[in-house]
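Note that the chains take the letters A, B, C, D and E in the order they are written out, and that residue 1 is the start of every chain.
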Amino acid sequence: MAVPWVSDLTLLAAILATLLPLCSFLVVMLFTRSHPRISAGLSIGAMSVSLLCALFLLNEHWHMEKPLEYAGRWLVSGSIEIPFGFLLDPVSLLMLAVVAVIGFLIQIYSLGYMAGDPGISRYYAFMSLFLWAMMSLVVAPTLFQLYIFWELVGLSSYLLIGFWYEKFSASQAGKKAFIMTRAGDVAMFLGMLLILLHLGNLSILEIDSPALAARMSPRLLTLSALLIFGGIIGKSAQFPLMTWLPDAMQGPTPVSALLHSSTMVAAGVYLFERLFPFFFFSPDAMTFGLFIGTLSMLLASTMALVTRDIKEIWAYSTISQLGYMIMGLDAGAFFSGAFHLTTHAAFKALLFLCSGVLIHTFETNDIYELGRKGGRSLKVPMACCCIAAGALAGLPPLSGFFSKGLILEGLADLSNPVWLIAALFGAFLTAYYAFRPIFIILFPREASGEPEVHSATSTSKDHSAGHSSSHYWLMGWPLILLAGATLCLGFLKAPLEHFMGQTALPGVKGIGHPVWLLYTEIILAVGGVGLAWMEFGRRCAQQVGFVEKIPALHRLFAERWYLDHFYGWFVDRVIDRGVSALFTQNDHRVIDGSIDGISRGTVETGRLISHMHLGMVQYRLLAMFVVMVLLAFYFFF
Amino acid sequence: MPMEFAGFPFLSAILISCLAGFFIILCLPEARAREIKWVGAVCSGMTLALAIYLFFAYDKSRGGLQFVERVQWIPSLGIQYFNAADGFNLPNLLLSGIVFFTGVLTMWELEIRVKEFFALYFLMVTGVFGLFMSMDLFFIFVWYDVSLFPMYPLIAIWGTTRKEYGAMKLTLYLLAGSALILPAILYLFVQSGLNTFDIVRLMQPGTFTAYQQKFAFILLYLGFGILAGVWPFHTWSPVGHVAAPHGVSMVHAGVLMKIGAFGVLRVAMFLCPQGWQHWAQLMALLASIGIIYGVLVGLRQTDLKYVIGYSSVSHMGIVGLGLSTMTVSGLNGAVFQMFAHGVMTALLFSSVGYIYDRTHTKAIAELGGLSRIMPVASGYFIVAAMAGMGVPGLASFWGELLVLLSAFETYPIRGTLAISALAVSALFMLRVVQKTFYGPANPKYVDLQDVPFSLGVPRMILVTVILLFGFFPSLLLDMIETASIPFINGLPR
Amino acid sequence: MRIVPFGHVLLLAGLLFVMGAFCAVTRRNLVMIVLGVEIMLNAAGIAFVGSALRWGQLEGQACVFFILAVAATEVAVGLAMIVFAYRKTGSFDPAGYNQLK
Amino acid sequence: MTLYTCLFYVLAVAIVTTTGIAITQRNLVHAVIYLVFSFFGSALLFYLLGAPLLAALEVIVYAGAIMVLFLFIIMMVKMESIEERMPPLGQWLPAVLCGILYLALGAVVVYTAPGSEFPLQTAMATPVELGKYLFQRHWLSIEIVSLLLLVAIIGALHLGKRKETGGTEEP
Amino acid sequence: MKWMLFSPEIFYLLAALCFLLLSMTGRLHRRRDHHIALALAVAGVAVCVASLQLEGSLFSETYKIDLFSQVFKLLLSVGLALVVGICSELRGIQERYEHEVYLLLFPCTLATMLLVSSIHWLGVYVSLELSSYSLYILVALRKDWTQGIEAGLKYFLVGVFASAMMLFGMVILYGTTGTLDVKQLAQILPGLMSHAAVVVGLLLALSGFFFKLAVFPFHFWAADVYQGAAHQIAAYIATVSKVAAIAVLVRMVAMLGGSSDYFVHVLAVLSVVSMTVGNLAAIAQKDLKRLLAYSTVAHAGYVLIGILSMNPGGYAGAIFYAMAILVMKFTVFLVLVKVAWDGTNLEVDGLAGLHRRSPLLAMALMVALFSLAGLPPTVGFTGKFLIFTAAMERGHFALVLIAMINVVISLYYYLLMLRAAYLLEPQEQCSPLSLSAPIKLLAGALVVVMVAAGIFPRYLMDLARNAAQGLM
């Protein structure tokens, strides 16, 4: 730490912000495992301090000309030098604030949600581990540090998904999540190594600078961009590696709210923002990203149409919104992606927390069940839910509308119109699936006689659902705050754009936006909501989606486009029964077999030779004579 | 006998404390098991303390050989009892100290034939310490065999599944390795014409021709490689680990496999650099196959110790890959990984040992939901499993990172193969953790109680070491660097 | 007076040596084995005398003296053993003696 | 071709034929008798090659003592009653082959040996010279041989002696 | 005084005669005979130690006394003392022959001492015969007559055949070179090495020693004799006569070996084949002594490597290896005698439960086995190390590699014995072995010697090296 860290306030704030959750994690794990109250208090206290530091950093550096970088020597090995430190610039400060705010709120919320759960101190320990990792990832000055915390975030998600480890499905989901993200990480690690080979070090500022483009050939640049994008696919559950996110709903709802909607999965998009100039240098990587973003957005929204589990719906919506952000970024509209990430974090966390309250009180995830059990009676959560769903659908006054609009404008500037059409179709679907559960819960059909589908992800709560009012209000306050955020964030677009725009970033500056785009956007949103109302809200609606009418399509979407079957087949057939069985046989039969064969062979020859020695005396004399004659004969050769 | 000691002979002090333990235990009567264990704990504690003191007393700025001890042993053949500490062998000495001390504590509950067990155990570890600190070819070979032959009685008498087959196979296989090493050492001794076994003198450039170096290197690499678990010769290690009692398999997998890798480094690479450059391609190929192979075969195993055995084959493959890249960071990574893997495997075996002592079964299928029954004991295993997967914040991540970095630089294809093994190793480790620790609690074991504090001490030490070197790798890396930079720069191009 | 080239004496001794060996190896009777060895020793004696004459020394003849002594002890011990064995096992056939496994 | 050369060849042929017959005789007594003739032949050869004392000793010790001992043993155990089995093919065929190979080799070796062409001149070593030479240079070996004979006597005695009480293990 | 040079031999002659008189008395006092024998043997050792530094030659240059011969005489006398030490019960010999054991042992040791010092082929031949014949008779005196007589007969027939071949070799040597004195031969031979007769003669002449050392073509007697003979006699054959054979072979090859590489090839072939045959045959053995016999054949192969490298290092290695064989083999036989105290043959599994019955013997056995296998901290390893270094100096890399592979094979059956001692539980509960104090002391001393000679071999190596200097 070159600069004496005590005197420089920013550095002090950055250190406090990141390292406090780590201290609370260590203290809780080592000492206060058996006292839930103390451990909860500790981690919330630590979180509040880091929240304050994050906000302090944000407003102190509101007007920032150039990024601040502090780096201390951590590990030196020959030519490779891995520093540890902080890189504070608008991108990271905004993300730090988002993570801090939502983290703090969810920690308060989970006080109520997790009350009575035996492993509560373990829960808070893992939460603070996650927050430490996420915040250090956000402010990482080098790709090394970012990769290290990228893995740690993956680890904490594994621990939190598998929090109720007695349930087989929870541990299975945790394992699946970790392995899929780890596959992405491997690709990212390779991309990093390519850059390291050519650049010498991995500091983010140098990667973003044009110097790198000069050193690497365009082909290599694209390859490393694609590889790093592989990491983003893994972490943000994009097209090929998306099926782990819906399964990750096994974890407690606050975890889903914090990790698997707003912060952790957004790390991929954040990395994209962080290396935006680097990606910008390779156009085909951008088009590939665009394609992946669109594909995963459409697929996820189709899946959301049919599922009956409320948390799965929001999980699919997260995947599709992330697809939106990546489309926005890939289209060159830097601010649109960042802004949508912020707004999405707010309203998606709100959605999850509301459904959390519903699940917490009615003990079921199924939307029809929730409706029937009187979901409408809980006034505050339902209200916040509607607001958040509205923001998700992109209804005008809410923040979703503004951020999605920006993305659509970015897409409009692209030469090829197909991306814009897909985005618009996506917006329509989003609106439709956003309001489907709302209407089902608000207008339950007693006589619908829907078979009680045992949805795979019903979270059976074994702890007593204490409905005491204190818990209710503890969970209530964060909802209200988040609802407020979704309402007013839309209007903060201008100052944020100014704040983000300070660091001169390349990117397509939007020329005048066609007016018709704004209106089509509103019409599609309202149309989607209307269709949902038509099919689910109206008194005489059969509450059967237009998709469910076509059974083939229904099954296709319900089976997650058979992706899970493919992965199951691949891991089971190819890896388990195929390659490793082959290697195990090779190990036992070929290598071991040959060695045991050699040793058995020597023992057999031993037995043979010892039999040779049992012959008659005269054979021995003969043998002596013959050998001596042969040795004499050898003289002549 | 002209003796040259720089201050108090710490290195010999380690050996003497081991041998003192050996002789005291021999003199104690068989019945007094408790006293034997206490003597064992005290002596191993002393060696650990000495190793720690050495580790921190080493003057990193000066580098080179320190704490030199030299005694003319057999002048006519140029054999000396020559011990020294440098960047390469101090981490290993520390590792042996730690694993030795925790190994003794892990075997605290042993009841049958305690005296013979600890006597042979001390003998084995004396061999291990001797080899790490020796700079004389003759003594390296002597200590190599001293550390090997107690293996047979240790495994054959106190072992578990298929112990006699395992013991015989292991001992014969490892001594077949020595059948390759001794001719190579003699070949070098004779070809050098200097009538000395001293590595420092034989190391000077120009003592051997290129052909001699190539010839000797491949023999030494195969000889020591067998012990290091190089790919085609690895089949003894899982069998040996399963058969051995867990205290022995801790030292065996934790330290003995490092002797193989250290032997390759200290003897083969020091004396035959051109041979190393010639055979590096083969080393890298075998190592990367070993990494993938160990993990994939581990997937199919049903016995907990087999799983750990194959995971150590894979990790030793990483060490081999590190050694094969002729870069400073590759070498640093390899030595760091030797240390990290040693501690991690020791923790794995010690926790499996605890589980085996309680449930008397190692089959993963029968175990299940142990995390509910004994959270602390399974916690230790999970930390070790995480380290095995290369999770950052734990020691072996840095080793793997550095090795894979430099491997990717010099051998791109093999490097990619090794890096992709990271994903499969995650699948492999998590599957084990999930089957044995998560999921519904197995009714048979519900009444088992968690590990008491007294038995938890060894595992706690190992966990703290993993975390300490996970968070502060530079502690170890600066030490290793003082030795690897001069070595790599000294290589003839 | 010239008797015969030294080589011929050696050849004779060699021939006798082979016949002795052949008798020792093929005859299925212990006594005949000892007899065969006697013939071999006698062949060596002849060669020794021939060599002594060839080099004009008495060394060779002195050796023959010792050969006689050794042959005598060989017969004494050998036949004693054979008789002892015959008295115990009742057979002279060398094939009979293979109880030691 | 002096008298001695043809005498040498006559004696050589005699020795070889008598030994050959001795080897192939089924009946042991005949074999021993033929062997005695062979030893007489070699005694004469010794005399021809200038070793009169050895010739006499040969007759006394070899032909006399040793062959008589053989006869005595053969008579004692009534050997002729035991029919000796013919040696199986597997035993004598390799012996014959090796014998032939040995002879070929021996011939080559002898001809290439140094001094094989050296003509032997007749000479005579008086027993006095041989005795003096023997006891001057090799008296240690004489002592050793005496010990050897002592050991042989002890051995023959113990192996041959029947147990006093007519040991039960008699056949 | 010239007679002082000959003092060890005279002492042993007088001892032999004293036992001759004793056997005349007729009545059997086992305890008294054993004490007398032990006293005389120990006195013999003292005499040999006193005469260690003597130099000179007797009997008109045919009998050389130098450090080499005196070291070996000392070894032989120590060997005899050890063997006599374990002859306390002598259950393996028939009662009426117990006098004869000592009566024959002393002349045989005398013969081996003569063999070591004499450098005239005739003297060598005659002393070889003396030692062989006394051993033929000793082997035949076994209590269980079926085994004793069969072993004795086989030993006799092979021995006599081999001595006949040796004699024929000597006669060819004499015929072609004109002298039987080894010193003169050493000057003449290098010139004639190109002639087939000379080399074949030398090879045949050495076959007598190959028989004594049980090298490949002449090793057939080893297994049956070890199994057939009484434990003490087998111990004697395995230690003392082996050491003598090594001594005379080293002396002959050192003086006559010369430069012909044909001779080195022949020795290399013999050593490789006898190593491999010895080790492989030993694997399949059930009887303990038969296994030890084959392991001795294998050790003969290792010593031959030292001898065929024909440099001072090689001969020093062979001398050191002779010392090692003496101690290692004797320890195993000590354990054997104490476990099979009733004189019957012992199966390898008969060692079961030894670690419980007598921990000291078990440890002695373990150290001896690891030393026989050639594992480092023991004397066996130092011996092998010296021999392999010498062979490597002559460039016999393949030979050293084959030898090391054989070491691994030999480790297999040594570990089987160890397994029996430490692992197997005896079927019926047998009582713990009670060892008398001197035997305990002896076992402990042997263990200390084996380990000390392995860790601080410096003094023994210097002794061997000086002895080897005198040879050239």
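Observations on the structure shown:
Keep in mind that, in the parts below, a contact is a pair of C-beta atoms (placed from the backbone, for glycine too) under 8 Å apart; a residue touches a chain by one contact, two chains touch by 3 or more.
Everything numeric here is computed off the predicted structure, so don't read it as measured data.
By the document's definition of touch, common neighbours of subunit B and subunit E comprise A.
With centres computed as the average of Cα coordinates, no chain lies farther from subunit D than A.
Closest chain to the protein centre (all Cα atoms averaged), using per-chain Cα means: B.
More inter-chain C-beta contacts link the pair A-B than the other of A-D and A-B. With centres set at the average Cα position, the gap from subunit C to subunit D is 5 Å.
In whole angstrom, the spacing between the mean C-alpha positions of subunit B and subunit D is 70. Rounded to whole angstrom, the centroid-to-centroid distance between subunit C and subunit E, based on C-alpha atoms, equals 27 Å. With each centre defined as the average position of its C-alpha atoms, the distance from subunit A to subunit C rounds to 98 Å.
Shared interface positions of subunit B, i.e. residues touching 2 or more other chains, are given as 172.
Counting partners per residue, subunit A has 599, 616-618, 621-622, 625, 632, 636 as the residues that reach two or more other chains. Residue numbers of subunit E whose C-beta contacts span two or more other chains: 122, 126, 129, 133, 136-137, 140, 145, 153-154, 157, 161, 165, 172, 175, 196, 200, 223, 412. Chains touching one another form the pairs A-B, A-C, A-D, A-E, B-E, C-D, C-E, D-E.
Across the complex, subunit D meets subunit A through its residues 91, 94-95, 98, 101-102, 105, 108-109. Across the interface of their complex, subunit E is touched by residues 599, 602-603, 605-607, 609-610, 613, 617, 620-621, 623-625, 627-628, 631-632, 634-636 of subunit A.
Against subunit D, the residues of subunit E that register as touching in their complex are 13, 16, 20, 58-60, 62-63, 96-97, 100, 103-104, 107, 110-111, 114, 118, 122-123, 126-127, 129-130, 133-134, 136-137, 140-141, 145, 172, 175-176, 192, 195-198, 200. Residues of subunit A that touch subunit C in their complex: 614-618, 621-622, 625. Subunit C makes touch with subunit D in their complex at residues 1-12, 14-16, 18-23, 25-29, 31-32, 35-36, 38-39, 42, 45-46, 49-50, 52-54, 56, 58-59, 61-62, 64-66, 68-73, 75-77, 79-84, 86-93.
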